[in-house]
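These are the structures in question, set out in turn.
In the two assemblies presented below, chain A is common to both, partnered first by chain B and then by chain C.
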Partner chain A sequence: MIAELGLAALWLAAALAALQLVSGALGLTERGAVLGGAVRPVAVVQGGLALLAFACLIYVFSVTDLSVKLVALNSHSMKPLVFKIAGAWGNHEGSMLLWVTVMGLGGAFVALVEKRLPERTMLATLAGQAFVSLGFYAFLLLASNPFERLSPVPMEGNGLNPLLQDLGLAFHPPTLYLGYVGLSIAFSFAIGALVTREVGPAFAKAMRPWVLGAWIFLTVGITAGSYWAYYELGWGGWWFWDPVENASLMPWLAATALLHSCGVLAARNALRAWTIMLGVVAFSMSMIGTFLVRSGILTSVHAFAVDPQRGTFILALLAIYIGGALVLFGLRAATVTEGERFAFVSREGALVVNNVMLSAILGIVLFGTLYPLFAEAMGAKVSVGPPYFNPMSALFAVPMLVVLMVGPLLRWRRDKFGRVGRGLVIPAMLVVAGGIGVLVLGGVALLPWIGLALSVGLGWASLLPLKGRNLRRTPLPIWGMVVAHFGIAVALFGMSSESAFSVEKLVAVRMGEVTQVGPWGVKLGTVEPVAGPNWTAMEARLLVRYGIDGKVTRMLPQSRSFWTPPQQTSESALLTRWNGQLYAVLGGEAPKVDGEKQSRWQLRLWWKPFAPLIWIGGLLIALGGLLALLGRVAADVRRIVAKDKIAYRREKQGR
Partner chain B sequence: MATVAKSPIKAKHQRLVLLIVALVVLIGAALLAAWALRNQASYFYVPSEIVARPPEPGRAVRLGGMVEKGSLKTAADGVTINFAVQDGKARVPVTFKGIVPSLFVEGSGVVAEGKMGTDGTFVADNLLAKHDENYVPHEMQDMSREQAQKVMQETK
Partner chain C sequence: MSDLPAKAPRWAIWLPLALFLGFVALVIVGLYRPADRNVASALVGKSMPQFDLPAALPGRPGLDSKVLANGKPHLVNVFASWCIPCRVEAPQLGALAKAGVPIEGISVRDTTENLQGFLQTNGDPFQRIGADDDGKVQLALGSSGVPETYVVDGKGTIVYQHIGEIRPEHLGLLLEKLKEAGQ
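What follows is the complex of A and B.
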């Protein structure tokens, strides 16, 4: 029954989305103005119904109702409860339902709290939001019904891909989806503003919190995804330029650019058309990402549920939404461009550089991700990897990071380099000193060398906007900017250090044997079988010691075998010290050679200096976003409260 | 407030300049990307192609085929393996140092990432075997029908 309830809720929600679209569109006309009042309540109910449908799906997964096809295909009664729940979105249909749910809730939230936009723009925005939702509802209801029943009911489910049975990953897709869908709200805002031609600071201020929110979730999602790939795949890398990773990076790049151009529009009423354009592009990137991941057109380690028919459906949605938005932009852009002027050396100028560089990197990633598709259409098999992505993106990232040191110090409208020059002497010296220092250490490739040198200077420069301020009175958004920019320096330092100084050892060792990797001595104690709820594993007991007189610590890497579906994964063991991380992977038993008696086990060991800073930096970046968001929201609340107070006083005084 | 008093540039001109700068950078990025992709994209080979027209040593390529039965040997260090990849027409010796994927066995399909050594041996730095029920390396989808069927049977 619950499954049918979910399906009914989904149909109703879709019907309400249609109503929201129609009444929103008609509400804009003079004769239909009366319909406009229905839009907000409809949006709220629609969000509620989508949530109900999603709750039903979670329920059927949590009780492992195998008569529901999706559960039978993706779950198993032996699985721990938390992974049963996560299984609800760890598949194609479920993740699409999560998508419309978040989108519906986002629309409902906008309808409830957004009071700043002019009413007409609000109507157009909610209608646009409903238009986008409607496509996804159609997709769910017509092409991938998550509540489809299965007959006969199987005895047991297929289980969840063991690689996905990981707490970090269980909550990774919802995080990214909140980001993707948050950008759909920015997209709707852009559409709404284009329809009513009201693009200005008020619009930017209304849109900014949504972009910030989406951007925070994307940042956290990408950071978590990178850490997951790092420890779960056992390959020891933190970024593989995998199509699925790129699918989340591209909207992030666009959102980062949008966030900054939104700031220019809000503060200075410039970059109007550009901001609208970025709003369209950012959500388009979310959709292209979804298309790439879901269609199976590019196979990746992460891609699951591959079905060309669905790919076609998403492609059609993509064409309608992106194409439609671009046409609208083409028609209307000319009428919204008039904005304030600024000198090239100014805060605006720096932010324009930031935007152009981010767009260039976005283009490079998009190109590299899609190129194999084009090549295949021409009959060639191509795979594009780090040799392309690393230097190409660095080419534009490096100048952007240099501008990042200067930009926050510049004044709006116009400024002189001379004024900010003195403040930048120390960061510049740090860059040079860092560069020379790494050069002396020697043996470091070009990119990590540049990265290390820049990160030191950037770390210092990012703190400069706080200079001469009363720290307690400094507005939260300024703190946010400082923390986020400092986070970039931290992450950059971690990435460069990891690439430059990692030491790797691959050995087959007997029990009791000691291996040196960097400053670590690693002794293989025992290898013994252990069992989990739905897996068995060989577990190695490693005794590790830093330097000669360090404390001996234990590490327990495992090689796991799951039986539904049958698959092996390696659970790496990580040991974190303040100056880096020791990473251990247990391989298999090495084949015996030359009449050996005692068996040898394969071990892969890495010493990665300062590697954790990569993700700590990522989290700092997100924290910066959160501070900025809190600051903005608090300011809004204060403004509304103050307005109410004034109105109340006036009423009291009988005015 | 409305205008920058001393700025000699008109708003219209400034927009134009910004637009041109942005376009130049973006088009430059696109051209660079196209050039880099032509040069650096690693191509997929099957053994008969590698034997017929070997890529120059040191260039990153992918080699896909079946692991030849009886060819798998582990070196004395316990972590280096040597095997041959064949596609029914030709065979290429491969050497790989590392932990092999769990579904990597003789007679099954594999995609090796790496480069040709000067002695005609393929030096792999990564092996992609069939990952699980749902994941087949992209290039493997296009192997001949028999091969594909064989991969499916053997790696189940």
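What follows is the complex of A and C.
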């Protein structure tokens, strides 16, 4: 019954989305104004019903109800409970349901708490949100019903992709989705503003917290995803420029640009049309990314639903929403005037550079991701990888990072470099010193060299906005900016150090044999079989020692075999020290050479100096966003409370 | 110093839409390209790896790669009783068997009991069934999931790989590939 309840809730939610669209649209007209009042409550109930449907799906997965086709295809009674639950969204249908749930909840949340936006823009925004939701409801209900029953009921389920059986990955998609779909709110805001032509500081201030929220989730999601790929795939890398990764990076780049242009619009009433454009682009990138991954049109190591028919459906949705929004933009952008002017050397100017560079990187990533498709249409098969992406994105990232050192110090509207110059002497010296230092070490490629030098100066420069301030009275958004920019320096240092100084070793060793990798001595103890709930594995006991007289520590990498469905995975072992990470992967048994009695095992070892800083930096960036969000929300609450107080006093006096 | 921003030209406003339409056109070409998008096994065009699997069922022959080089085209179906798409494709395999196609089975990580149950419910189109209990042959074939089906010509060379279940609409293509393999 629960599956039917979920399906009913889903249909009802879809119907309410239609109602929300119609009453929102009619509410904008004079004759239908009375309908406008229905929009907010309908949005709230719609969100609640979507959540109910999602809860039903989680329930049927948690009890492994095999009469539901989706459960039978993606779950197994022997799986640990947490992975049964994660199975609910670890597949195409479930993740689409998660998508509409987040969209519905986002709309409900906006309807409940958003007080800044003019009422008409609010109606148009919620109608826009409902319009987008409606397409995805249609997609779910007509093309990929998650609650479809199966007859006859199978004895056992098909399991879950073992690669996905990992805590990191179980919670990575929902986080990323909150970011992806959270951007739908910015999209709807942009639509709302285009419809009512109300673009200005008030609009930017209203939109900013929502963009920030989505951006924080995206940042955390990407960071977590990168760490997952690093330890789970056993390849020792943390970014592969895989289409699926690019699909998450592109909305992040657009959202980062949007966040900064929102700041310009809020503070200075400039970059109006551009901000609206980015609002449209950011969510479009979420949708395009999802489409590329889901349609099977690009091959990827972790694309999971290859189905051209569904691809066609999503493509139609894309054409309607993105195409429609861009047409609306084309028609209305000219009436949204550009707003206040400013000199090139100014805070706005620096933020424009940031926006242009981020957009350029976005273009490069998009082009590289689509290029194989383009080449295939021309009859050639190519793959585009790090040799294209790394230098091309660095070409724009490096100037952007240089501007990042100066930008936060500049004043709005008009400034002189001379004024901020003195403060930048130390960071500039740090860059040069860092550059020379790395050069002395030698053997470092160009990009990591630039990265190392820049990261040191950027780390210092990012703290400069705090100079001369009373730290306890510094507003939270300033703290947020400082922490996020410092996080970029930290992540950059980690990335550059990882690619400059990593040591890799692939060996076949006998038990008791010692291998040296970087400063580590690694001794293979034993290799023994172990059994888990739905897998068996060979587990190696490695005894490792840092330097000559370090403490001996144990590491236990495994080579796992799952049988539902049959698949082999490597469970790498990681040992984290303050100055880096030792990474060990157990391969197979090496073939015996003639006359050999004892078997040898393949081991892959990496010493990655300061690699954890990559993800620590990512989390700092997200933390910066969180601080800024808390600061903005707190200010909003204070403002509303003060307004209520004034209104109350006036009312009293009036009596 | 000049004030920014200069007003964007009118056509620039429509540029994003033009780019997006280009994207849509490209993707439509990609979606409807007739070429199969499956990751083709590196083994197509090469000979079947050597293996000798024990019988999966008592009283029935096991599968040996030499059988596949007996001069006649074969269909080799990798399947398992625990695999749902395998049930979906069973009627199609039955039809092929009825049409006289020799079908050999490789049963992956299965038990005799479950396998017998599966064949009783879904029909038994197989001439021989080899038991690949640890999935080694499956891996050697470059196959990552079940079901998968290979068309092998009379010399033991793999001429075609079909990933996923065989649906009614695939029958024509498979028969054609078998016919080509027989020439």
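Here is the rule we use: the second predicted complex is superposed on the first by the 651 of 655 C-alpha atoms of A that agree within 3 Å, B and C clash if a C-alpha of one lies under 4 Å from a C-alpha of the other, contacts with A are read in each partner's own complex, and residues count from 1 in each chain.
One rule holds for everything that comes next: a contact is a pair of C-beta atoms (placed from the backbone, for glycine too) under 8 Å apart; a residue touches a chain by one contact, two chains touch by 3 or more.
All figures in this text were calculated on a predicted structure; none of them were measured in a lab.
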- Message: I'd like to know which partner A:Ile288 touches here: chain B for first, chain C for second, both or neither.
- Response: second
- Task: Once the structures are superposed on A, label A:Arg341 by its partner contacts, choosing first (chain B), second (chain C), both or neither.
- Result: both
- Scan A:Leu73 for contacts with chain B and chain C and give back first, second, both or neither. second
- Item | Partner chain(s) touched by A:Ile322 [first = chain B, second = chain C, both, neither] | second
- Message: Contact-wise, after the overlay, does A:Tyr388 reach chain B, chain C, both or neither (first, second, both, neither)?
- Response: first
- Task: State whether A:Val352 touches chain B only (first), chain C only (second), both chains, or neither.
- Result: both
- Query: Given the touch rule stated above, what does A:Met555 touch, chain B (first), chain C (second), both, or neither?
  - Reply: neither
- Item | Set of chain A residues, in rising order, touched by both chain B and chain C | 299, 306, 338, 341-343, 352, 565, 567
- Message: Residue numbers of chain C touching chain A in their complex, please.
- Response: 1-5, 7-8, 10, 13-14, 16-17, 20-21, 23-24, 26-33, 37, 39, 82-84, 87, 108-109, 135, 138, 144-146
- Please name which positions on chain A make contact with chain B in the complex. 161-163, 234, 298-299, 301, 303-306, 337-343, 352, 355-357, 359-361, 363-364, 367-368, 371-372, 375, 380-385, 387-388, 391-392, 395-396, 413-414, 506-508, 565, 567-568, 570, 585, 587-588, 590-591, 593-594, 600, 602, 604
- Of all residues in chain A, those that touch chain C in their complex: 72-73, 154, 156, 158, 270-271, 273, 277, 280-281, 284, 288, 291, 295-297, 299, 306, 308, 311-312, 315, 318-319, 322-323, 326-327, 329-330, 333-334, 338, 341-345, 348-349, 352, 370, 373-374, 376-377, 561, 563-567
- Message: Quick check on the complex: what are the chain B residues that touch chain A?
- Response: 2-4, 7, 9, 11, 14-15, 18, 21-22, 25-26, 28-30, 32-34, 36-37, 40-44, 60, 62, 74-79, 97-100, 102-103, 131-139, 141-142
